[in-house]
Amino acid sequence: MKLSTRNQLPGTVVSITSGEAMAVVKIQLAGGEVITSSITRDAVADLELVEGSAVTALVKSTEVALAVL
Amino acid sequence: MKLSTRNQLPGTVVSITSGEAMAVVKIQLAGGEVITSSITRDAVADLELVEGSAVTALVKSTEVALAVL
Amino acid sequence: MKLSTRNQLPGTVVSITSGEAMAVVKIQLAGGEVITSSITRDAVADLELVEGSAVTALVKSTEVALAVL
Amino acid sequence: MKLSTRNQLPGTVVSITSGEAMAVVKIQLAGGEVITSSITRDAVADLELVEGSAVTALVKSTEVALAVL
Amino acid sequence: MKLSTRNQLPGTVVSITSGEAMAVVKIQLAGGEVITSSITRDAVADLELVEGSAVTALVKSTEVALAVL
Amino acid sequence: MKLSTRNQLPGTVVSITSGEAMAVVKIQLAGGEVITSSITRDAVADLELVEGSAVTALVKSTEVALAVL
């Protein structure tokens, strides 16, 4: 499968915090940065995510803002 | 300023493609990955972005999806 | 590849309108509805999209609002 | 009311999972597909959503990514 | 029509910049602030937006980040 | 810090509803309108948000839809 989604960052799940409806998943990238993703609890179950799972974080370019100091 | 935005990835602008309304900005992260951001042409002007500008890519956690192979 | 993205709607590209930076792609679903997607012009080229291409529209659940009459 | 939101898909609520802050609502479209929406618990109460409610799923075109096999 | 979209800010269109695919519309709120919206060029035509049009800006709560100084 | 994010609305936190993963924060703007933001529970803790905190609501222009009556 090929995605229009421009930003695809591979990493490893380092924590999962599940609520009733939503879950927050933290992913450590190869470079060391930690990315946070908020997805449904259903998606966590469906992808069988656990600490240590290899995943790719996907971000559409329209969702990326920029900051300058 | 401190942001609720969980994902803040520092990098350098490597290209800017401007249309009439929107612009696509590519940013190379320290680790080498290239991130694409779609922002308004106004924002590019307002932040005075050029190739080589130091920026931080900002992504809200609700915008991060996950893929598993 | 398996995605956390809850909404995956298969269809066929019926039109592509490209600007300098962004493009608007219309996809007809099996049921007849037409879905509009705004992606980068780069993504259209990268996926080699043309009228008639088979694609799947992907929408994260956090992006779906609801209306009642 | 007329919306700029390009994607408007009518359906019927088939389940609601509420957490403290957010809720996940599943909607079955006329064509049979099930759409998932993550909205605030407040919005579920405000729209008086229950299983069987007729709703329209709204998705801005900038939130629609595309995949090709 | 009633929307799950929590944030609905009434205002008046003060400018429209159209590209080939997308358009940037600026809206002045009653309190004086100017809001910027990036929508498809199609949506501008479909809503027959011109300077002076009365509109309501709609923002899903999952799209609102917060900053503290 | 300067942001590409076009919409920056200053206000005061009036309520925080926290779930396990996500939280819903309401902010009253100077003009009186109340804005709702859905962010991670982590972000609420990290920004030390409480009722009365001065914050700025941030919304990317690609997230703003428009309605006309």
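To keep things simple, chains are lettered A, B, C, D, E and F as they appear, and every chain counts its residues starting from 1.
Here is the rule we go by: contacts are C-beta pairs under 8 Å (C-beta built on N, C-alpha and C of every residue); 3 or more make two chains touch, one makes a residue touch a chain.
Predicted model, so just to flag it, every value in this text is computed and none were measured.
Participant: Over half shared or under half: which fits the residue numbers at the contact of copies subunit C and subunit E, same or different?
Facilitator: Under half shared, hence different.
Participant: By mean C-alpha coordinates, which chain is most distant from subunit D?
Facilitator: B
Participant: Where the centres are mean C-alpha positions, what is the separation of subunit B from subunit F, in Å?
Facilitator: Each chain reduced to its C-alpha mean, subunit B and subunit F end up 21 Å apart.
Participant: As a quick test, compute the distance in whole Å between the mean CA positions of subunit A and subunit D.
Facilitator: Centre-to-centre distance between subunit A and subunit D: 22 Å.
Participant: Starting from the mean Cα coordinates of subunit A and subunit B, work out the distance between those two points in Å.
Facilitator: 17
Participant: Counting only residues that touch at least 2 other chains, which ones in subunit D make the list?
Facilitator: Subunit D, residues with two or more chain partners: 1-6, 19-22, 24, 36-40, 42-43, 47, 58, 60-63, 65-69.
Participant: Inside the complex, what are the residues of subunit B that reach subunit A?
Facilitator: Against subunit A, subunit B makes touches at 5-9, 24-25, 27, 29-33, 35-39, 43, 47-49, 53-69.
Participant: Within the complex, which stretch of subunit E touches subunit C?
Facilitator: Residues of subunit E touching subunit C: 1-5, 19-22, 40-42, 58, 60, 62.
Participant: Once bound in the complex, which stretches of subunit B touch subunit C?
Facilitator: Contacts found on subunit B: 17-24, 36, 38, 62-63, 65-69.
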